[in-house]
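Each of the two complexes below includes subunit A, the first together with subunit B, the second together with subunit C.
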Partner chain A sequence: MWFYILKRVAQALPLLLAVVVVNFVLIQLAPGDPVTLLVGDFPAPEEYVKQVRAEYGLDRPVAERLVLYLGQLARGNLGYSFANRMSVAELIGKRIGPTLQLMFTALVIAIVIGVTLGVVAARGRGKLADWIAQIGALVGYSVPDFWLGQVLIILFAVTLALLPSQGMRSARSVATGLDAFLETLPYLILPATALSVRFIALFSRITRSAMLEVLNADFVLAARAKGLSEGRVLLAHVLRNASLPIVTVIGYNLGLLIAGSALIETVFSWPGVGRLMFDSITKRDYPVMTGILLFVSLTVVIANLLTDLAYAALDPRVRYTR
Partner chain B sequence: MNEIILEVRQLVTEIHQRRGWLRVVDDVSFNVRRGEIVGLVGESGCGKSMTAFSLMQLFPTPAARVTSGQIQFEDRDLAKLTADEMRRVRGAQIAMIFQDPATFLDPLMTLGNQIAEPLRAHNFAGNATARTRELVAQMGLPDPELMVRRYPHQVSGGQKQRALIASAMACAPKLLIADEPTTALDVTVQAQILDLMRDLRDQTGAAILLITHDLGVIAEMCDRVYVMYAGKIVEHNTTRELFRAPRHPYTQGLLRSTVSLESASAELFAIPGTVPNLNELPTGCRFAPRCPIANAQCKQEPPFVANDASAVACWNVERAAASDIWKLEIGS
Partner chain C sequence: MANLRTGIAFSLIALCVVAAVFAPFLAPFDPFRGGADALLPPGSKSFILGSDHLGRDVLSELIFGARVSLAVGISAALSASVLGLVVGSLAGFFGGWVDGVLMRTSEFFQTLPRFVLALVIVAFFGSGIFKLIIVLAVLSWPPIARLVRAQILSLREATFVEAARLSGMGSLRIIAREILPNALAPVIVTGSLDIASAILLEASLSFFGLGDANLISWGGMLNVAQPYLRQAWWMAVFPGIAISLVVLSFNVLGDALNDALNPRLQETA
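The block that comes next holds the complex of A and B.
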C-alpha cells in the first residue's frame, strides 16, 4: 500500500516536470511584455527599460532562463514575483488556505446535494421528482458560474442585503483561529453556492445513471428477496455499488473545480489562488503564473491518487500492492 | 401425509411488453406440503421462474404483476398482503436462492454480512453474529471465522452458493424456493449442493420448491413433480410415477430427450418444433402443434386439468399411454 503510494508519487514527478516546461515555454510565446507593465505606460527612457529587463534576467534566451528556473525549482525556490516584489512561494502560500476552503465547501455541497438528488431521481424514475431533478441538472450544468455569481450578488447582497458580496472577512477584522473561520462563513455562502451548482448537476446525473444500472443487478433482487426494506436495499447495496463510478467522476472533476474557482474568486474578490492567477495573467507575472500552474497540476495529481485510493477502500476487489 | 403449507390456485402472472400485458403464468395451480421437495420442471421460458417470483411477489423486471389467483401460504393469501406485510414474509417465512451465485451476491459486502442481513431485517432476537457462524458451519463451509470475513470474489462458486443458501436459511423459513440452484455450477459441486439442500430439509423441516429444467435433478431430489409448458402445468404426479409412466406427450418427449448411459450410443432425441411465442398461442392445447397424436379437438379446446393426486392436461391420455408415440418421430 505505502509502496504503491510512493510509486505513484514518483511517477508524478516527470509529469510535473513536463507541465512546468510546457507552461514556461508557452507563456514566453504569449504576446505581451512584463517589462512594459513594470515600467508603466508612460514613455520611459530606453536605458531604464533595458536596466529593468536585465535586472529580472529577461534579456537572456528562453532556453537559458528555463534551465535557471528548473535549477531554482529543484532547490524548492519558485521564483520571485515581478509585480508583487515578493517570493512566489510566499505569495501562493498565503492564498492556498482560502482557495482550499472555498473548493472544499463547494465540493461538500455538490456531493451532498448532487448525490441526494441523483438517488431521489433514480428511485422515482420517470416520475415528477425525476423530471424536476433532470431539468434542474440540465439548467444547472448550462449556467455559466461567473454569471450565476453576479446574479447571486445582485439578489442576496445588493437587493436583499442579506449576505456580504466581496472578500472573505471584514477589512477591520482582527479575529484569529476558530473565530476567524466562523467570521468567514457568511462570506463563503455565495461563492461556494455559485461554484457548486454545475457540480451538483454533474454529480446528480452520474449518481442517477449509476444507481439505475445497479438497480437491475441480480444481487439487488437477492437483497429484496431477503425482506430488506427498500431504503436499506438502496443504501447498503445500490448506492454502495453505484459509489464507484460516482467517486471516479468526483475525483476527476477536482481539476475543473480549481479552474472554476479562478472565475468565482475574481467575481467575489476572494483572496485565493484563482484570483492571484487572474491578476498574474493580466500583469504578465511569469513566475507567479508558472508557480500557480504547478500548484494546479499538483492538486490534480493528488486528487487522482486519492480517487484511486478511495476506489480501493470501497471495492474489496481492488487492491494496490505493487 | 403432512399438511399443505402452500396452495396456489389459478395463478395468473403477466409482464408488460410493448403490445400490452402478456400472460407468462396462466391459470397455474399446485401445492407444497410441509417438509416436501416439489419440482417444477420445464424448458426455458415456460414460466417456471415467473411462477416462483410470483410467490415472492418480487420480479426481476419492473413491469410484472400477479393478475389473479390465490397464493395460500399457511393461513394467509399472499396475493392479498400489503407491500410491507409481504416484505416481512420474504426472507423470514419464504426464502429464495438463485441460479448464479456469482451475480446474486453483492461484490462489496462480506459473506458474513450478507448472511446476517435477513436476521437484522426480521429483528432476530438472538445473537446475529453467533447465528451467522452457526449457519456457515451448517453449510459445510470451512473455517467459519475466516469465511464470514471473506468477499464473494475470494471464494469458489460452490462456496458462494452455500453462502446464498446460508442467507436464505438464516431465519429458518418454512419454504425455500430454489430457482435452478445448480445450473451455474460444476457437476461435482452440483451433487454437493443438492445433498446440502436435502440435509437442510431433513434437519429443519423446510419444504423446498425446486425449479429446474434438469430431469436428473428432479429424479434425485423431488417427492412430486409439476411439468410446465408455455405458461401452464400440463402434468403432475409423484416423481416415481412420473418417471415410470409419463402420461402427457410433452412429458414423454422430455424424458426421452434425456441422455442415459444405455442410450448414449443412440442418436440424441429432441422434441421437434419450438415453444410457441406467448403472443401467438394456439387456441386449443398449447402443445398441439408439436404433438404427434394431436387431433381436431386438441387444436380447438384447451384440455382440462384435474387437480388431485395426479393429473394430466391431455385429451388423448389413453392413446399416449398405449404406444410409444415419439417412436415415429425418431424414424422420420
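The block that comes next holds the complex of A and C.
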C-alpha cells in the first residue's frame, strides 16, 4: 500500500507543475502588458507596479521569469488584489468556508437522494419507477443549475416568500458559532438544492448501473438463498459492492461541483470563492482570477489523488494491478 | 417509448435549427432594438413572451439566441471530435513515447476544471464567438482522443486488419480505410453528447458576462435577467427552458445513437 501511495503522489506532482506552467503561459500569452495581469486593471500605485515588475522579472527572458514565478508561488504568494486591498491567498482563505459549506450540503443531498433513486430504479428495472428515474436523471443532467437557482428564487423567495435568496445571513446579524450556523440554514436550502440536482442525476445513473452489475452476481444469489431479508441483501451485499464506482464518480466530479458552485454563488450572492471569481471578472482583477484557477486546479488534483487512494483502500486488487 | 423520446428530441432540434436559420423572418420584432415598453408581462401589447428591461421582445431574442447556442455547440463539438480523432489515431498508431506524451496531455486536460479554465482564458483573451468555439474545442477533445486510441488498439489485432496488412496495404491506408470507419461509432455518440455540454458551457460563460457582447445568447439573457428576478420572471424562465430543451434533446439524441450504433451495449447501460 505504501508503495502505491508513493507512486500515485509521484504521478500527481508533474500534473501540479503543469498546472502552474499553464497559468504562467496564460499570463505571458495574453494580449497587453503582463504587468496588468499581475496587478489587475485597477489604478495601482506606481511603486507597486515597479515592485511587481522586479519581483516577476518582467524585463528578463522567459525561462528566468518562470523560475521567479515559481519562486513567488513556493512562498505562498498568489499575488495581491488592489481592488480588494488584500493578498489573493488571504482573500480566498476568507471565502473558502461558505463555499465548502454549500458544496458539502449539496453533496450530502445528492448522495442521499441520488443513491436512493438509483437503488429504486435498479430494483424495479424496466418498470415505471425505473423509467421515471431515468427520465428524471436525463432532465436533471440537462438543466443549467444556475437557471434552476433563478427559478427557485422566483418560486420560493418571490412568489411564495418562504425562503431568503441572497447572501448567507441577515446583514444585521451579530450571531456567532452555532447560532450563526443555524441562522444560515434557511439561506442554504435554495442554493444547495439548485447545486445538487445535476449530481442527483449523475449519482442515480451510476448507482443504477453499478447495482445492476452486481444484482445478479453469485454472492447475491447465495445471500438470498441463505434467507437474508431483501433489505439486508441490498444494503450489505449489493450496495456495498456497488459503492466503488459511486465513490469514484464523487471524487472525480469535484471540479464539476466547484464550477457549479461558482455559478450558484453568483445567483444567490453567496459570499464564497465562486462569487469572488465573478466579482474579479467584472472588475478585471486578474491576479484573483489566476489565483483562483491555481487554487481550484490544486484542489482537483488532490481530490483525484485521494479518490484513487480511497479506491485502492477499498479494493485491494487495484494496488497490485496498476 | 424510446422511439417517441427520440422523435420528440429530433423535432425540437429541427425546430431550433429552423429558428436559427430563419431568425430574421420569424422574429416578430427586432431583438436588438428596445423601446418604451419595458418589463411588460407575456401577452401584453403583442409581446408574446413579454419584454425585457430595455423594451426588447423576449421571443425575438430567444429566436436569435438559437443561432449562438447551435453555432457554438455544433462547431465546438465538431472541432473537438476532429482534434480527438487526430490525436487518438496518432497515439494509438505510433504508440511508444508519442502515445505517452499525448495521453499524459489528455489526462492533464481532463483533470483541469474546464469551466474555471475557460473563464480565465476568455477573460484574458476576450470573448468573440470564434474564440469561444476554439476554447471549448481545446478543452473538450481528450475523451474522444482516448476513445479513438482504445478503439485503434483493439482493432489493430482484428482479423480484417490482419488481412489488409497481408494484402500489402500501407499503415496509413489501413488506419484511414479499415480502422477509423470501424472506430467512428463511439466518436459520433460522444460528439453529439459534446454538443449538449458545449451549449451548457457557452450558456454558463455568457451568464458570467463572458459571451460575445455583439450577439444575443440564451446565457446572456439569463445574465441580464438576474437583477430583475423579482419584477420580470419571464426574462429568466423562457431562455432557461430553451437551453434545457435543446441540451436535453442532444443528450437524448446521443443516447439514441448509442443504442443504434452499439447494439451490444444496449442492455448494460
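Everything below uses one rule, namely that the second predicted complex is superposed on the first by the 254 of 322 C-alpha atoms of A that agree within 3 Å, B and C clash if a C-alpha of one lies under 4 Å from a C-alpha of the other, contacts with A are read in each partner's own complex, and residues count from 1 in each chain.
Heads up, the rule we're going with is that a contact is a pair of C-beta atoms (placed from the backbone, for glycine too) under 8 Å apart; a residue touches a chain by one contact, two chains touch by 3 or more.
Predicted, not measured: the structure shown is a model, and the values here were computed from it.
When the two complexes are overlaid on their common chain A, residue A:219 makes contact with subunit B while staying clear of subunit C.
Of the two partner chains, subunit C is the only one that A:266 touches; subunit B does not reach it. Within the superposed three-chain model, A:131 lies in touch with subunit C and out of touch with subunit B [touch as defined at top].
Comparing subunit B with subunit C, the partner in contact with more residues of subunit A is C. Once the two complexes are overlaid on the shared chain, A:312 sits clear of subunit B and of subunit C alike. Using the contact criterion defined above for the overlaid structures, shared-chain residue A:26 touches subunit C, although it does not reach subunit B. Interface residues of subunit C, counted against subunit A in their complex, comprise 1, 104, 107-108, 111-117, 119-121, 123-126, 196, 200, 203-204, 207-210, 219, 222, 225-226, 229-230, 233, 236-237, 239-240, 243-244, 247-248, 251-252, 255, 268-269. Of all residues in subunit A, only 14-15, 18-19, 22, 26-27, 29-31, 37, 131, 138-139, 141-144, 146-148, 150-151, 153-154, 158, 209, 212-213, 255-256, 258-259, 262-263, 266-267, 277-278, 281-282, 284, 286, 289-290, 292-293, 296-297, 300-301, 304 touch subunit C in the complex they form. By the touch rule above, subunit B contacts subunit A in their complex via residues 56, 58, 60, 87-92, 95-96, 98, 100, 103-109, 117-118, 121-122, 151, 153-154, 164, 167. On the subunit A side of its complex with subunit B, the touching residues are 217-219, 221-229, 232, 236-237, 240-241, 314-317.
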